[in-house]
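Each of the next two complexes has chain A plus one more chain, namely chain B in the first and chain C in the second.
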Partner chain A sequence: MSNVRDTALHSGESTTSELAATGVLGVSFAAFVASWALIFQWVDETATVAGLSVLRLLGVGLIAAAVGLVAIGVASRMDALDTTPSPTAGFAVGLVVGLLWSIVGAVLATALLGAGTLLWVPAALAFGVAGSLSSLLPREDIGSTVPVSLVIAVLGGAIALGRLDAGWTWEPSWLSATVPGSELVPILVVFGSLLAVWSGAKARNGFGAQGREAGAFALIGTVVFGMLAVLALLIGFIVVNGLETMLTGASLFGGQVTVPVIGVTLPWVNFPFLTNVTGGLFVEVPGVLPATLGTLWLVFGAVLFAVPLGVGAAVFLTEYAERGRFTQVVEVATNGLWSTPSIVFGLFGLAFLVPRISGGNSIIVGQLVLGFMLLPLVLITSREAILAVPDEYRDASAALGVTKWQTIRSVVVPAAMPGTITGVILGVGRIAGETAPLLLVFGGPPYPSQTPNVLGSFQLTATPPFVTNEALLSPASALPYQLYSTITAGVFPKEIFTDSEFGWGTALILLLVVIGLYAIGVGSRLYFRRKLHHE
Partner chain B sequence: MSEADIEQTTETGASNDRLTTSGESEEQLREEWREYDFAGQPKLSVEDLDVYYGDDHALKSVSMDIPSESVTALIGPSGCGKSTFLRCLNRMNDRVKTARIDGSVALDGEEVYQDGTNLVELRKRVGMVFQAPNPFPKSIRDNISYGPRKHGDINKGLLARLLGRDDTDKEDELVERTLTQAALWDEVNDRLDDNALGLSGGQQQRLCIARALATDPEVLLMDEPASALDPIATAKIEDLIEELAEDYTVVVVTHNMQQAARISDQTAVFLTGGELVEYDDTDKIFENPESQRVEDYITGKFG
Partner chain C sequence: MHGLVAGWIVLAFLLFFVGSQWTVLPVIGFLGTMAYGWVRYQAEAAKGLTFLTTILTVAILALIISFLLIRSVPIVQEMGVDLLTKTEPAGNIWGANGGTVWSLTPMMVGTAITTVIATVVAAPLGIAGAVFISEMAPTRVREVVKPGIELMAGIPSITYGFIGLTIVNQYFYLEFTTPTIGNYLAAGIMIGIMALPTIVTVAEDALSTVPESMKSGSLAMGSTEWQTTKSVTIPAALSGVSAGILLGIGRAMGETMAATVMLSHTKGFPTPVFDVFAGYGETLTTVIAFEGGNASGLHLSALFAGGVVLFFMVMVLSVTSQFVEWRMEKKLRGEQ
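Then we have the complex of A and B:
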């Protein structure tokens, strides 16, 4: 091997090998994207492009990628290309390729010899060892292209020849379900194209350390793309299913609003699904207003309960308590509380709080139970945030003769505010969608015909407890609770929506409420950050 | 053996001799500079101060009197206890849980280490500036007025306005006065409401000095105030220290001997082990020290 080319710092213009590798990358990434589109049903699996069905086209794409990879690998081995390969592809690659080959071996043996024979075991072993060795022994340019390409080519061939297509189903004996080929084949193509992307990225950067870096980077980048796709699918699916329900009867200026003092009536947004009550005789479009208000009251009460308590405990633990056995015990207990299942909190509320406070399901017990659930997270995050406040601030404040409590109030806690808010945001996201404890301590009629009137129900009395609030002591409905009731037991009272239509609409509103709460949290975090750091 | 080698051996031998002899007269030397004399009453007088961190004896029986309205430099190698000594003067060492302090520190003849000392009052009278600039993440104005506001000397905000006790004018006056004293007013007077963290390192340190001046102290303790700054910012801080010494008693820790020589009126040399080895006029220390160890340290031969 001549060293002259290898030590060049800069290889001139893009070479043929780079072009070929770029082609492989392009084809594999296109296959990757197309298979996600198929999995999500954005593209129908029976669609045809230029006379070929989409699935077969994917198979052909995989074969093309495999051929390109082999060509680059062989050409590089014959020193026809400008590459800097290592002596071997490394153990990790050998292990993965061996595993892939053993799967191919087992499948081939079963397919050729028929199921029921145990011959697939030695076949898998033999293929696995062969695959491992074939990627370990040769130089890296062969080891990380050819064995991988063979796997890709076998997969691509099976798809292109129609052995695996949309009509094929997988019915494993250990699973009662049937997995349709229209889903399974694209998933296999996703894995195949990931392999090709990795190998192609390595080849494009001439193998060696740079090639490995590029391979890993391409693989991670593609996987991140897949993750974003999953997220987009989830949100998109809810929006698509719920949008029609949510917008039923909605119009920009269909409604009317009367300005209180002047008495003028103005056209206003009409949004019956959000502004109507669910049950009742005269409701044309049943809405989710009671449940939305219920969720907001729950979150408000829980935050009101948990934030002062959690921040106070965090201040005590970090600023006053000696670090030692006691703080360790508190730490362990807090973490344990955070990982306690929510239904256990609900059971506690049902057995302990309900008989003592309201004697039945009620808003205030729901608020307390969710507050208990929120408390440990607020404590953990604000403790971290307070610990992260530099000691220099405390020193500077003490040197000015300012007492510890004043320092905590005007320097430490404000500086820890963004971290605390982050914790509250995370926690609110969790409790706003919590259903299990609400079933036990909170839920009332699933289709309420009136909204919880918490503010209007406060009454002063001359005898203890001096303040009463009937609404807080009554059950109500919340979005996740209503969603659950609608889907499981609901016989929806109105004919305008079916159960599932109403459910999807509720789910979309819940999603929007949670996103709105996030937005408030992120906004206030930004506000405090800007106050703490310059501009 | 070459001539140069011979010369070197004799020199080493000679200095060894002097080291041993100086060791014997150490006690006697101490007696001499303990009587370091200056006109008037000492601002701070320290008697037999010992500090222990756990089992570590960090400061050994240090006694010194610090004259008022002057710059006193504390120099010495790292870990010699000079910062520990400084932090004893406003009882900042109380914040270290493992620290134990014996001895006496008197401010204007009044004992600092006694039960019932009002730490708030002490630290108002003895201000401190730290090694790294540490402004609060607040506006420049709020940094200055932080101390007085917490002490109730300046009332601001909605409640104060409602009660008719709003001290905004007083605050403005204070901000302008202290920032001018700290030679920062011209640079920041148009952005007093900007966050202090947006200032440069040198400006931040001068802001910290202004913040310390805002509580109207008599003594300013400075713990290597320029060690984290570039030469230009350092020069500004040094000029500032000399100016401040006209009104305040400044005690400054530094490990930069040139800095001590430039700015201080008297210098105390601490050497490894937490001992105060010599304390005298700065000129005397740098030109003709009594102790051989001090001379070795000052000339760069580590003592």
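Then we have the complex of A and C:
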């Protein structure tokens, strides 16, 4: 693609317009961020800056952006600026502006003529058509600035003049809630500022194809920026809220560990939230040990069940089966399993496995149900990994005169292992946080006072099934289940934490487990990919 | 040999099906036969084993479908078509508290409302994210954003639900004075955020499978990158992008925990239907998760019927999206 830019030639003339457009962009982006701060209530609606309330300031900002846009548009139309506008602003702009204008029309008609009449319908239609035409008919520099600016200016004006302020409320008859101005204004400003960013970026690059590209990129960039900010906020929020609970009583050298053979006591990490049980009489700092162990057992069982099955089926589908009706059916079934809602797996476990295996909630049924959920993911990823093994490998092996099975065992499966391992780790991250099926087939008491003793419970019996394990057949707790039962059970049995403090702590541990698994998965993918490309 | 293995498996399944403690015997028999086969004819045994695992994968899906159907037979016999269409009596439509009428209609309406809200939130944002990652972002930004989005998919739904319960629900209750703590809008937005990564990932995959030669051709004609994206890449990948949206809708429909924690579990019809703040809140998934643990008899059967409805709606979405993707592959390979 071309990197040649001709800005240097006429940069002397276009500085003013670029400066103005940059100003519009800056103001709009500031308004965008400020409205989010208001929505998240970091800034109070009643706060004042330089004598103006925040909301009015937002309105003034929108008006300034609108005025700037109109100025650039008109100056460009008078050929005072060096721009390259197209003859028309394009269908997309016409559609957006038409929609916006029709909303303005409907609101105005309802405000002026009263809500009872149906007059807002023709008003909205008339405004919409007028808006569309006003943006489609003139040259692009007018069409993509002035009609949009009008909408922004109307919104900004209503806010700046105090017609829409924090105390204003909207109670439509078809909504059970009241929409207060203090919340509606920032939400509207978010959309208004996005419009201004779009239009301003177009103007900054002189309209035309270049301008439209800049506009689209600015708009998408801002939206994606907002999206990632929300993600970061979610994680940050859990960390901030959960950290104190998680670190209660924790210290690097506060604990003690006795070396078994020598009998010397050494200082050790003390982490009561992770190493204590939840319930029980003598626990000072209740912890999530039973839930953590429960999650580990669940994941272990699910992997033990799903990985051999998934890899086996992937080998059969890629190496043995002819592509045809049968593989197609398996593919549809796999994708169907993958998209089946988790609660449906829970129902299946409740109907099929529970009465036949344990007669009640139990660890082993939980393991099997999560294994069912993990199976399609393992199958899909390991199948992709096997398909990615180059045919040269198989040919080279076959040329040595070994059988097909030996090729598969010694060449294909080892070569596909990295991809499979990555897929399994990512899948485990997914099922480790799964809650819904556990509610139906797994969950025990909300605040367990002992950990599941699976290893110590194996027993040989004289009657079939000869080997029994009481612990596997009894219910337990897992991290996501613990969080759910903390939320719903209501009163936390200890005074040291409130209900939600314990919940945040549990959520943080859960998040750490899942993020840890993901980091390992993504890291191993990068590592293997690099190895594949460079060696 | 094949017959023996098949016999052991059928016997094991039948014994397990009737809940016999003797299931262990055919399992031992199967393992023994397999071990013998492995020693004597390893290649054959391996092929047979992998074939068995494939069959088992399909069989699990078949078992899920048949058990959902079998367990929902009693309620269908009791209620007939009313199960899915009845809207009266308004106050007592779900017989959990001693009533005799069981109707899934309010939950279906609830699922529809939350799914529509989630789609409205997630679809545009998801497409924007996909275009950003595959067409706009410099390599370094992409390497951060893409795993970030994948990580977002991995955050457990119960965590989203906890945040929704403590923050979003309180926000709407205090600021918008909603009649109940928890409403369809809050739950729908949260579900939308959760469905977002699915859409971004699938749509981004579709966008990046468009052959580089198509894009280069367009750029060589002098179009800008955005014109190429808008007029070449997106139209070529349209079916893949829509497959992503369909999958996202499926995820939103099946999303359980966030909605279970956030909604108020009151069943009824908001009037008008777009009153997202009405004092009702129950979807197909939440009713199963919330009541499934201690339901029995007709009640449990009604929950299974809810599972059937859910399963088939999601299955239709999944199969459609596969079909759409398959068509795109065919088109890009130039067979159409």
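Here, the second predicted complex is superposed on the first by the 457 of 535 C-alpha atoms of A that agree within 3 Å, B and C clash if a C-alpha of one lies under 4 Å from a C-alpha of the other, contacts with A are read in each partner's own complex, and residues count from 1 in each chain.
The criterion applied here is as follows: a contact is a pair of C-beta atoms (placed from the backbone, for glycine too) under 8 Å apart; a residue touches a chain by one contact, two chains touch by 3 or more.
The structure presented is a predicted model; accordingly, all values stated were derived computationally and were not measured.
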First (chain B), second (chain C), both or neither touched by A:V411: first
Touching partner for A:E392 - first (chain B), second (chain C), both, neither: first
Chain B versus chain C as contact partner of A:T403, first or second or both or neither: both
Which superposed partner A:V369 touches (first chain B, second chain C, both, neither): neither
Residues of chain A touched, compared between chain B and chain C (which is higher): C
Which superposed partner A:A177 touches (first chain B, second chain C, both, neither): second
Common interface residues of chain A - those touching chain B in one complex and chain C in the other: 403, 406
Touch list for chain B against partner chain A, complex: 90, 92, 95, 97, 119-124, 127-128, 130, 132, 134-137, 146-147, 150-151, 194-198, 208, 211-212, 215
Residues on chain C engaged by chain A in the complex (per definition of touch): 16-17, 19, 21-25, 42-43, 46-47, 49-54, 56-58, 60-61, 63-64, 67-68, 70-71, 125, 128-129, 131-132, 136, 145, 147-163, 165-167, 171-172, 175-179, 183, 193, 196, 219, 223-227, 229-230, 247, 250-251, 253-257, 260-261, 270, 272, 274-279, 285, 288-289, 292-293, 303-304, 307, 310-311, 314-315, 317-319, 322
Interfacial residue positions of chain A with respect to chain C in the complex: 1-2, 41, 174-180, 182-183, 209-210, 212-213, 216-217, 220-221, 223-224, 227-228, 230-231, 234-235, 237-238, 308-310, 312-313, 315-317, 319-321, 329-348, 350-352, 355-356, 372, 375-376, 379, 403-406, 408-409, 426, 429-430, 432-436, 439-440, 443, 463-466, 480, 483-484, 487-488, 500, 503-504, 507, 510-511, 514-515, 517-518, 522
Chain B contact footprint on chain A (complex, rising order): 322, 390, 392-393, 395-403, 406, 410-411, 414-415, 531-535
